[in-house]
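Next come two complexes built around subunit A: one with subunit B, the other with subunit C.
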Partner chain A sequence: MRGKVSRRTVFAFIGPAVIGLAMVGIAPLLYAGWTSLHFFNLTKLRRVKFIGLDNYESVLTDPVFWEAMGRTFALLGTALPLQIVFGLGIALVLHQPRLSLLKTLTRLSLVLPMATTYAVVGLLGQVMFNQKFGVVNQLLGGVNVNWIGDPNNAFIMIIFWDVWQWTPFVALVLLAGLTMVPVEIEEAARLETRKWWTVLRYVQFPYLVPGLVAILILRTADTLKLFDMVFTLTRGGPGSSTEFISLMIQRVGFRGFDQGLASAQAIILLIITIVLAQLYIRAFYKEV
Partner chain B sequence: MSGNRRGQVWGQAAVLVLILLLCVFPFYWMVTTSLKTHVVALEAPPVWIFEPTLENYREALFEDGVLLTLINSLIIAVVTTALALALGVPAAFALARFDFRGKRDLWFWFITNRMVSPIVLALPFFLIARNLGLLDKHVTLILIYLTFNLPIVIWIVTDQFRGVPYDLDEAARLEGASQFRIMRSICLPLAMPGVAVSAIFSFIFSWNELMYGLILTRNDAKTAPAMAVSFMEGYNLPYGKIMATSTLIVIPVLIFALLASKQLVRGLTMGAVK
Partner chain C sequence: MYVNLFSMEETMKRIQVLASAAVAATLATGALADSHAWSLKRAAEPYAGTTIDVVFLLRPGYEAIEAMLPAFEEETGIKVNIIKHPYENALGEQVRDFVAGGDLDIALIDLVWIGNFAENEWILPIEEFTSNPDLVDPDLDIDDFFPLVLNAFGGWNGVVYGLPFDNYSGLLFYNNCMLEAAGFDGPPATWQELKDVYGPALTKDGKYAFALQSKRNETQSADSFARVIWPFGGSFLDENFRSNLLSEESQAGLKFRQDLMQYMPDGIVAYDHAETVNAFAQGDVAMITEWSAFYSTVVSPDTSKVADCVAIAPEPTGPAGRKPALGGFSLAVASQADDDEKAASWLFIQWATSKANAGEYLQRGGVPARHSAYADPALVETFKFIPALVESWQDGVPEFRPRFAEWPEITEIVQEWGSKIMLGEVSTEEGARILGERMEAVLEEAGYYSGDKPLAQ
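Moving on to the complex of A and B:
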């Protein structure tokens, strides 16, 4: 019996949301698709003309695009393993019995970094990583490291901030996995062995897999989105050392004024996102 | 043996305190810097003990117009959240209660919207808004924020509606209640916790957003994060004032995040992690 209603009733409930989302979420994409097939420069709007797939050809043969992609995955490839190692460590400490008040306080403090406005994290980076009056150099024992002005250091600084902001997320996801392990099974395992590693590998790990898959896909999507924090901290510089993919597209479209080329880059980014979303729904929404 | 045990507890406590300090320290530094005068903020190496002043807050709020941008951010975040709830709650009810084709495609679409980089939509939205004369208007941001708010509201509320026993619907239908009546009078009151959490999420995401605010506003509808960034122009940066503005932006977000802390991970993963 459940759920047998007329098409009209279904539409009355879901139509407004679908139409609303289509207007703000799909119509612009169609327009971006149109723009991507044209020569479309904001400073030469009289000369807009159809050029077929030329913009896509330019993107795919453009070293700047591939370098930005490479940089984005270099960030993901260094930050994510660190987040998983630290996050798992934090989750295991929080999973221990005892000290429940301190654990609650720590768990609450973990919520703060990931909720913080990305732009504020970037601005805070300007203050804390400043070469002269920054507290980071002071805490490192009065060293004189130029974090923001040196290409390699700037990249390391972005990794540091990304790890600071998102390790708590990884930790809480993995902690949720650890609490799914049935208590009897975990206790039985601990009677068998005193090595925490063995318990983690053979008893807890299977319960962590779904969380790890979610982390992998979401962190990939979020790194492809990364803009606010880096823009406020380095604007992609110095040079192009921290120009990740979303920053690069923003520069081409709004500082280079080439909307046609930027739209083609954006559509390619969208295709990658669709693949990620497809993987995510296959992994987690079997029953929908 | 018991000495060993005690050592373990101390070790565990030390690690927990370290994690806590690492999470909180940047906020401590933000707040203390916001209470420093311009001269003290630029001292090298930085000072930890100084005479605090609220001068940065006064200047930022009332002389530089941060107050107006906070009001803009508030209006935009509240209205877009209300709109997301108005559109999203009925949709969530349909997804939880009715069987129809294309459900899976809808989920897929929502998740894509949750993941897509804002720059993908910012490019065409800028051109469209420019052609329609909608640049620097509150309504433009209110609408574009729906692209991430609506999916999150629909997801969380659908999940909550699924937890409301179906027998209640059945009983009400025998009494002759319409589907709309069932949603409003029976399921919605029971789903209120989920609605509240989804509203908090929607508010946080909208309030935190920078890129659209930067590209689609200039003065009248400028949001607080975009304002904070505009202090970064020039040579002699007013770091104390920048941190004062940052503190004002972050406080409401942190309060809301703590209120919803139990559901935060579930929401951020769109329910993949319980």
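Moving on to the complex of A and C:
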């Protein structure tokens, strides 16, 4: 039975949430938009002035910005497929019948990497990948690989940590998708074919698509704002080899104190994130 | 070569004259005729119960003063609230506090921040306090500070804002045992000798002759990039504030660094102070050029395997002479503090940098900037870095890194392109060209080329 609800009641229920969201989300965004249109350097506040789209022009024509963006997408393009492959493999194993105790323990252990604070992961990495006394080189047979001081190795190290931390998330989301497949349909499919690939492609995959889209959106957004782990591990170095876009924005805004330019960079990043999210939804989600 | 509007000597004289005059004028008023009457306890009486906030770093000099602090608090009743930050966070935290009108009552100022802090009027000239006979210690003795240090760390445009507190000069720390084993009876006198003679002889069996901390932060700018351009006659800027990094001398310094890297550990571009000092303390590196503040770390058996082998010399000379790295911090009263906090802050700064406390500060791991602290021959025996330090403070360059307000932006550019040069991603010429263009863009925006701002550091 549906009764008429007054506007006042509706506002009383959703108003606080809307106001809260506006204060913590919308207002800072609007302020960033305002800042991005000004020369706004924290150490030169007497010279704040409206400069129109100059900051945006500076960002869009700055090769360093695009290099950082390219580096970020290189990380995304490398780490995300690995996470999906490994995550799907883990999910398929955990979806098998039997071994229920082992599966329960595995599920619990999958949560640990995700529960580890990003910054702590970076600090752990500093120790584990230390060239001289790090456990990684010892596990590799006492090799003398310079992980943190070599640009290529440092990038590989970041990929490793990202995959380590987020593969479990992908696995759990995909496992949830697999459990959505009706048992009778899956059993019928397995009677029709013994090829696991065929079952996966035509029976299970459609149920995985919503989860995959969520993974794509969330991991893309996460990678674009990846900061803590890299900051504590390499601080963007050596050189610029691990300076991803969020580190660059932090550097410009909080070490160079150019809040106007950093705001313009952040807003461009936000636009790119929104566009990518829309593309993912349009490209994949309609198949469900 | 960089030429300031005022010669270094002239600037130092002006600062000393102004500061001394302020103190002298106070004394001349007769208000302090009975100077024995002044005591810290009496001066602090009106401010007992006041709490002052200050940022400290996680370094030996700060631990030293923190250990001495109970005596100050007991005598004055002033509570000092210390907020600790690693160096990399200290500037940002203070800038945000001053912009927001926060709680900090004392500014901790790296020498490259002084122009920024002074131009924004976040700090007060010491004259505001030295002119008050109730607050000025008759034994303040401004002239006792090393002029170079007082000028570089606490002075800006002829006005003294801060008193030198945590004071460094670059020194050559060397492992005498490794050098003797390789047939050397002393450290290299020149950078060229370090590279051409000591480098090949000491780089073997997994050990390296030298490590130059070059991580992409202020370390890259101050400890690595600047360290190689000045001794070779180079500089960041010329007399017109245009980039001087493509000059023959600057290029010689940058190319020297590239050549020297063959005698440094792999991944030196990822070495910060901690890694460099640790490599030396573990006996993996024979020589480092580091701040005097790390002396206590490398000579303590608790933190150094080579404590008994450590010897210290001034940094090697280059074709342009000895131009050692200069760095350090002063303490200044923040303008945002209220009147009681300002007075209490001044009393703390005056006490922390006083002649009377310099000896204990030194004993506890700090490095005072007072002549008188180093006059005792017994101290020279105990602290082996003293002769080299005193010598370095005679030859230093105040503009080792430009001290103007634009340095935070410029250092980011130096860090980025200095690292790229070291990694071989660009040549020294290409890197210097791009770096120079970007540096000039910042200076143009600031108004140096249009005449809006004087060409002063």
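Please note the rule applied: the second predicted complex is superposed on the first by the 270 of 288 C-alpha atoms of A that agree within 3 Å, B and C clash if a C-alpha of one lies under 4 Å from a C-alpha of the other, contacts with A are read in each partner's own complex, and residues count from 1 in each chain.
The rule is short, and it goes like this: a residue touches a chain if its C-beta (ideal position, glycine included) is under 8 Å from a C-beta of that chain, and two chains touch if they have at least 3 such contacts.
Here the structure is a predicted model, which is why all the values come from computation and not from measurement.
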| item | value |
| --- | --- |
| Subunit B versus subunit C as contact partner of A:T43, first or second or both or neither | second |
| First (subunit B), second (subunit C), both or neither touched by A:F254 | both |
| Partner chain(s) touched by A:A176 [first = subunit B, second = subunit C, both, neither] | first |
| Touching partner for A:V143 - first (subunit B), second (subunit C), both, neither | neither |
| Touched partner set for A:P151, first subunit B, second subunit C, both or neither | second |
| Contacts of A:L29 with subunit B and subunit C, given as first, second, both or neither | first |
| Comparing the two partners subunit B and subunit C, which touches a greater set of residues in subunit A | B |
| Which of subunit B and subunit C A:G239 touches, first, second, both or neither | second |
| Common ground on subunit A, meaning residues reached by subunit C in one complex and by subunit B in the other | 132, 254 |
| Sites on subunit B touched by subunit A in the complex | 9, 12-13, 15-17, 19-20, 22-24, 26-27, 29-30, 33, 41-46, 83, 86-88, 90-91, 93-95, 97-100, 103-104, 106-109, 111-128, 143-144, 146-147, 150-151, 154, 166, 170, 179-180, 183, 204, 207-211, 214-215, 225, 228-229, 232, 237, 239, 242-243, 246, 249-250, 253-254, 256-258, 261, 264-265, 268-274 |
| Of subunit A, residues touching subunit C in the complex | 42-45, 64, 131-132, 146, 148-151, 154, 234-240, 251-252, 254-258 |
| Touching residues on subunit C, where the partner in the complex is subunit A | 91-92, 95-96, 99, 116, 120, 215-217, 266-271, 284, 405, 408-409, 412, 416, 419-420, 422-423, 425, 446 |
| Complex interface listing, subunit A residues touching subunit B | 1-5, 7, 9-10, 12-14, 16-18, 20-21, 23-25, 27-29, 31-32, 35, 90, 93-94, 96, 98-99, 102-103, 105-121, 123-124, 126-128, 132-135, 137-138, 142, 164, 168-169, 172-173, 176-177, 180, 210-211, 214, 218, 221, 224-225, 227-228, 231-232, 245-246, 249-250, 253-254, 259, 262-263, 266-267, 269-270, 273-274, 276-278, 280-281, 283-285, 288 |
